[in-house]
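Labels run A, B, C and D following the written order; every chain starts at residue 1.
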């Protein structure tokens, strides 16, 4: 299990290969990558603020919960903070399990919790000014399925 | 949209990076990778037979269905045939969509259909002999949710 | 004349991956009847119809489907891809 | 003495990312009352309690939670990670 909250970019390919190489005896690996969308050219940048002390412990707790619930053989979360540009990868999750259903469920669970329970806040810097991204009701509702 | 049925190994990392680079305007990329498990050391190799003429058209039809249903910005399926060893990647799926729910659903849909509707047959070569892998009732049942 | 293909353990029981046959069968089920009558592994291969799938010209099909115009019939067990 | 941290638009409205305050508040809700009484952006920052989240010593908590023994209180809007 590895967790990194960082301002630097990460290499999805290198992370995926390293994760897969260490995933045995898993038969299934799922990755999710979140990317900054440019919203039809309106967005110039995204700034992600976080709560350094709390971020690691909140995410580690989610990962431990997912690992136990779906018997993961491994899990990875990388989440960036700071200034990102359209097309940049914001974060990734990877899960490894014996079978596909568990790997998928754990990745979706981690994403739902990262969205609404990890202390990150996104600000969109657009051509008409800057605005904090509002939390979506659908993201909060997504937690009820777990 | 890209589809490859091949005997050669593929590089998950390189495929993931190339897929992500071309995924705009997607905000979400999901990959699934299936790996040959060694079943506690019992398995020596896996042989995958397929029906060359039918494989491509069956998978392309699934991908077109997934693309339309979840508004994917891109999709990728790579599936190997021939002789594989424990730890080898058998296949991968990648999906790109504006939002995570669509990317996850499309990847799971493609996996469920690849399992039971793409003409591949797996044979396990073990220390005690060889046996065709039996289709699982749970895999057939998984199709009913779509 | 029609091409018949066999995959996985059907291929192993029958002993060939494909063959070309002359048939009067109107449906897949009729064709299976003709093949089973040969004995020699065909009867064993087709013994359990619940474990049998058929594709006509590379599209999954049903046992009652007509063979008129079909050039390629493939028999195989339930698929195990992914 | 207790450390109070503010994030996102709470930080912007209040104007500082953190401060150390002397407080007699027994609960989070009492503490918010003391802060709002200062005016100066605090009233604006805490105007909509439905958009407010609180963490005590880096664990998500409730407004009625007691402050006894707590060293760090953080206020922020609903999180938007992922």
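Observations
Just so it is clear, contacts are C-beta pairs under 8 Å (C-beta built on N, C-alpha and C of every residue); 3 or more make two chains touch, one makes a residue touch a chain.
Because the structure is a prediction, the values reported are computed rather than measured.
Path length between chain A and chain D in the chain contact graph, taken as the least number of steps between touching chains: 1. If you take chain A and chain C together, the chains in touch with both are B. Farthest chain from chain B, judged by C-alpha centroids: D. Chain B and chain C, compared by their mean Cα positions, are separated by 26 Å. Taking each chain's centre as the mean of its C-alpha atoms, chain C lies 72 Å from chain D. Centre to centre, using the average C-alpha position, chain A and chain B are separated by 23 Å.
Centre-to-centre separation between chain B and chain D, using Cα means, comes to 48 Å. Residues of chain B found to touch two or more other chains are 34, 100, 111.
Residue positions 82 of chain D each touch two or more of the other chains. Under the contact rule defined at the top, the touching pairs of chains are A-B, A-D, B-C. The touching residues of chain A, when paired with chain D in their complex, are 34, 49-51, 53-54, 57-58, 79, 90-91, 111, 114-123, 132-135, 140. By the touch rule above, chain C contacts chain B in their complex via residues 5, 7-9, 11, 55, 58-60, 72, 74, 76-82.
Here chain A touches chain B in the complex through residues 11-17, 20, 23-38, 40, 87, 89, 98, 100-101, 103-104, 107-108, 111, 142, going by the rule given at the top.
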